[in-house]
Amino acid sequence: MSVSAINPNPAPTPSIAPPDIVRCAYMELIVTDLAKSRAFYVDVLGLHITEEDDDAIYLRSFEEFIHHNLVLRKGPIAAVASFAYRVRTPEDVDVAEAYYKEMGCRTERRSGGFTKGVGDSVRVEDPLGFPYEFFYHVDHVERLTQRYDLYSAGELVRLDHFNQVTPDVPRGRAYLEDLGFRVSEDIKDSDGVTYAAWMHRKQTVHDTALTGGDGPRMHHVAFATHEKHNIIQICDKMGALRISDRIERGPGRHGVSNAFYLYILDPDDHRIEIYTQDYYTGDPDNPTVTWDVHDNQRRDWWGNAVVPSWYTEASLVLDLDGNPQPLTKRTDSSEMEVTIGADGFSYTREPGEKGGEKGFKVGSQL
Amino acid sequence: MSVSAINPNPAPTPSIAPPDIVRCAYMELIVTDLAKSRAFYVDVLGLHITEEDDDAIYLRSFEEFIHHNLVLRKGPIAAVASFAYRVRTPEDVDVAEAYYKEMGCRTERRSGGFTKGVGDSVRVEDPLGFPYEFFYHVDHVERLTQRYDLYSAGELVRLDHFNQVTPDVPRGRAYLEDLGFRVSEDIKDSDGVTYAAWMHRKQTVHDTALTGGDGPRMHHVAFATHEKHNIIQICDKMGALRISDRIERGPGRHGVSNAFYLYILDPDDHRIEIYTQDYYTGDPDNPTVTWDVHDNQRRDWWGNAVVPSWYTEASLVLDLDGNPQPLTKRTDSSEMEVTIGADGFSYTREPGEKGGEKGFKVGSQL
Amino acid sequence: MSVSAINPNPAPTPSIAPPDIVRCAYMELIVTDLAKSRAFYVDVLGLHITEEDDDAIYLRSFEEFIHHNLVLRKGPIAAVASFAYRVRTPEDVDVAEAYYKEMGCRTERRSGGFTKGVGDSVRVEDPLGFPYEFFYHVDHVERLTQRYDLYSAGELVRLDHFNQVTPDVPRGRAYLEDLGFRVSEDIKDSDGVTYAAWMHRKQTVHDTALTGGDGPRMHHVAFATHEKHNIIQICDKMGALRISDRIERGPGRHGVSNAFYLYILDPDDHRIEIYTQDYYTGDPDNPTVTWDVHDNQRRDWWGNAVVPSWYTEASLVLDLDGNPQPLTKRTDSSEMEVTIGADGFSYTREPGEKGGEKGFKVGSQL
Amino acid sequence: MSVSAINPNPAPTPSIAPPDIVRCAYMELIVTDLAKSRAFYVDVLGLHITEEDDDAIYLRSFEEFIHHNLVLRKGPIAAVASFAYRVRTPEDVDVAEAYYKEMGCRTERRSGGFTKGVGDSVRVEDPLGFPYEFFYHVDHVERLTQRYDLYSAGELVRLDHFNQVTPDVPRGRAYLEDLGFRVSEDIKDSDGVTYAAWMHRKQTVHDTALTGGDGPRMHHVAFATHEKHNIIQICDKMGALRISDRIERGPGRHGVSNAFYLYILDPDDHRIEIYTQDYYTGDPDNPTVTWDVHDNQRRDWWGNAVVPSWYTEASLVLDLDGNPQPLTKRTDSSEMEVTIGADGFSYTREPGEKGGEKGFKVGSQL
């Protein structure tokens, strides 16, 4: 599919086929206090340490067999150093390098990898300004799948997806579709404005999603649990630790993706989603679901309010020199402005009926 | 215990022992459209019909063996006709009648009962203005406990408690303690103002609770589920039916009671709580838990906001002639005013630290 | 109710009222290797240590506020030193002492208690040969109810009940009914033989149960979890620890009590049940459920086989000198013999139809 | 990988690439009493009817968007008419036809499909004697994913996999690997005998598995639920309906696949598995897990016995004329014989220790 009619993609599709991306594999987060971040990701969330040193901690989820899903690296400012994807073959790393070079993107190749545990990799500054990484070679480590002696009540079992903030969603969507991602769901309005899109390589709702806003920024990184009660336990534990103010939004049921979700904030305000039970998307003609931006069940199936910070706050991303990428303002309508507060509206049933007008929903007061 | 130092109870404790109350047993709700209410309680919530006619529907929960836990009766205005308690012996009905007569309360005795399925009963207008009922004789019906062929994904298995709005909580508490209720938890401030109290006869956190506000009014009636996912399913189903605007608050974890909860509204705006997993309170010295009104985890352990309507809205109650009781204004501080909005404050950790000051919690914006 | 018609009770009901028993409170287990037992109860099951020394470990469940629910005491042979019940007032300890003295039972009173954390207590050798204890005074400790930072995936939240093996169930039942227990469920056959009975003081299905067999012996002690998945996690963890051979029976759904259950064995073969979601029994006329011994859903609602060891194995109990009580053989029919193997039968539907005769159920082969 | 060293594959790999199989899509079951089967699959299991007539019922799971996952067709003898796989493109149907023709297999092509809702398809009698079907064109129907108003407590949300009985597992494995399946797990012994293998196309543990035994026969077809409690509800409901004798095995936790499982039997003794929570297998180097046949946690992580019928009973499969395929005896060792009963053994810990020898596990008695 080409959406260039909607918005010309300044990064023309390369003449060569894109690399065969398997899945989102890990994110490298720059954190300002490694000890505080360790307390959050290891003591509170229970991610498993594969390896750590004075500069970085390598963490993996319960059912992972590659070296890590998350790297916490000490740095001067909180940001994201890499969104890393695994490709199908070693040759796909060469393909990725050539693919981005042809788009005129800056790339950096390291045969020894950019992090411990990972081999030959290429990092690029992609057309949207995000630091993408592609690798095949990676150390295999113990898959803890049946280590129930280590299974916590709120266990995180898989890395599920990334979420990126970009000003021009159709442009980003066209770029990612060219790269081989397929759209599972999106949010639009009757004027054809696209507010967000969910895109996958593995057979889930997404490996990454695009959220309209000033970008490039990282909106969140998501880990999956087995069941809903595991997510509730994470909330209960944060209450017990008296850090409930770090619960930003949820838990709730997403309209988009149908997953049960929770958003929490790490010590640097990097946003983490805990997520479970979306659906299979592996068929070639998997139906794409489009939501009306004014449907107040699109982001929370129960109609609970999306807090403003969830729309406005996100993490900076770094260029290949480790400097924050400058932000480009979103010029299309803002989902927050068109849906909540004085100027916006949402409906529970069809527009006009305004099932949501009663005063009791927090959010109506925003 | 006597709290008369805090607030003299105009209804002096009778000279006789109070009736031996076993538990809250059923509520009689006046609804304005029986068909709409049936759709809500039977089709959406799945309560089981014991009996119905053109004027009333008698409903019970899955594990109940008495005739009903809820009566829906058609009437001109939405209200509550009775908060009914079961007593231990037939003689306790005589005791209850005498007890309230000695307090100077209006009483009405009906050997045939006030509803189908219930025998000899007394209804009273209690010192707080609520229509209380006491009965022992009741028809036994099939207990559906193992009828898993009828078990819905959001099954309501027990009536758990009532919640009443009254202006003077200490006065109401003293009256109910005299009546044999014991306090499991309460909410106070450093000035000694009591905002709410939870009181039980059966071995759970409460059979009824008192919430400070203009009263007498009925704040909610609560049904229990087996597990947390049952409550999530009720939210998911209301979303599917496009009535998410009838989800007022939650789901969440209570601070008080530790139960997992949800508040929804019926077609007449009667508030229903779905509730699961509080704790055992049967020991004579069960510790009473007192919460600081400024602790923002007291009503939601995750610090999620209590919506204003939850504080302000409640159902009228009827006198023995079926007329709405006039309301008395609360003169003590309002929990809503002291905790949210411009004039109030809440804390996540200890006061001063203001863990909750960050902008992202809905509620801070209220 | 009197069952003396069925079987004369050699211990005549005392002339005085029995003590007011609140609930089963703790069991004192004699274990032969304290370190091994600690590994099982603390490291595997996650019970919380209130106090420990070289001779004993005092453990409590997550929602308990009294000093302990289980005492592990080092001793020469595996046995049970006490089935301890909490009574409503200090005076009830005097009543208990007098009550058993009048029955001609040996009693021992200790104002300082028999274990740490417990005050004035009396222990008796009851008419069935069991070491019963009654106490009121007990140290209060931190109730961990909202300490979700300590909440394990298989958390045990309450002590639920004891289960005792005795040869003459009707005699034992009459004795316990005189003591104030009420029968919630039982298992009988058409000849009037009683195979087991469940008896409660608190508002659950039981505080203790009587299982027909050579006695006096302790069949099991049961702890409750919040939800079913917590029990599954205990199985999964025992699999991960390669001690699945210590899972004796289950998990499954009981017919009797309707609870979801699991039976496991500690290092001394003391049997522990993990149990969740039985039902409220607090009403004075709570219906008693009687099961046919030949109904193969009575002990497992899914018709899964009861393993022979579950019928035949149990723990010795001690007299007040610490010597094992001699066993009296059961003379009534054996539930195992009448229900499984060559001579017994069970049915899935009504007798005759023999829905269970197909070959695929393990147990048919026993 | 080639296993021809283990066992020469009489069906040489075709010269052309195999069809690109997406996933197992549906099974066509021949049932002898359509009304009885409808009661089982619709009333008990809650599968959703897409379409039905006097000869057949077309059923789908909750999250399915293609016409059906299961066809129940009335016929003279209980059997399986087709194991149907969806392929990636219309052309893959041509490829499949050519691929099997080159192997010398009988094929039948129908441009209008073999069942309602499905278009151009090819059915083949594969080298192992199974009726395989390949199709791309299929009607899209309402995906019920968020129709929580239709969500039952034991809802089946996806078709997960098939399981086939074949005498020579290595031969079957080689054939399926040539066809593009990848092995996630298998069961072997120290002599190199393979007892079973799990093979996938979609990113789960399997789309089909091979179980060693007299074949070709269909061992079971499996549907997935969201959570473990959904499976427990199915057991509870079957108990309530007094058909617990149709629960053959489980519920339990598999060693292989790590899924929580249940096996039940339909009115014709076709075996259905209910299955949840295996793991992601989409990476090109997903580690293959090999289990020792003597490890008694391989098929049940909790060491619970596999009932003999589970090893011995299976459904016949039909040739393209609708006649049952003759069975070929397995000549390799039988998993049942080497693991249970007088001649077999299993271990809980390492061999020799024989942690399982204690008498309490049913199965030891078999």
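Chains: A, B, C and D, in written order; residue numbering restarts at 1 for each.
Just so it is clear, contacts are C-beta pairs under 8 Å (C-beta built on N, C-alpha and C of every residue); 3 or more make two chains touch, one makes a residue touch a chain.
Chain identities (UniProt): A, B, C, D = 3,4-dihydroxyphenylacetate 2,3-dioxygenase.
For clarity, every value in this text was computed on a predicted model and none was experimentally measured.
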item: Same-interface partner of A-D, chosen from the options C-D, B-C or A-B, over half of the pairs matching; value: B-C
item: Pair joined by more contacting C-beta pairs (B-D or B-C); value: B-C
item: Centre distance in Å when subunit C and subunit D are each reduced to the mean of their C-alpha atoms; value: 42
item: Subunit B and subunit D: spacing of chain centres that average the CA atoms, whole Å; value: 51
item: Approximate Å spacing (C-alpha centroids) for the pair subunit B, subunit C; value: 35
item: Subunit B residues counted as touching two or more neighbouring chains; value: 146, 227-229, 236, 239, 255, 301
item: In the complex with subunit A, residue positions of subunit D that touch it; value: 22-23, 63, 65-66, 86, 88-89, 140, 143, 145-146, 158, 202-203, 226-228, 255, 258, 277, 279-280, 282-287, 301
item: Subunit C contact footprint on subunit A (complex, rising order); value: 146-153, 155, 227, 229, 233, 236-237, 239-241
item: Contacting residues of subunit D [partner subunit C, same complex]; value: 227-229, 232, 235-236, 238-239, 242-245, 247-249, 251, 253, 255, 260, 265, 296-297, 301-305, 307-310, 313, 348-349, 355-356, 358-363, 365-366
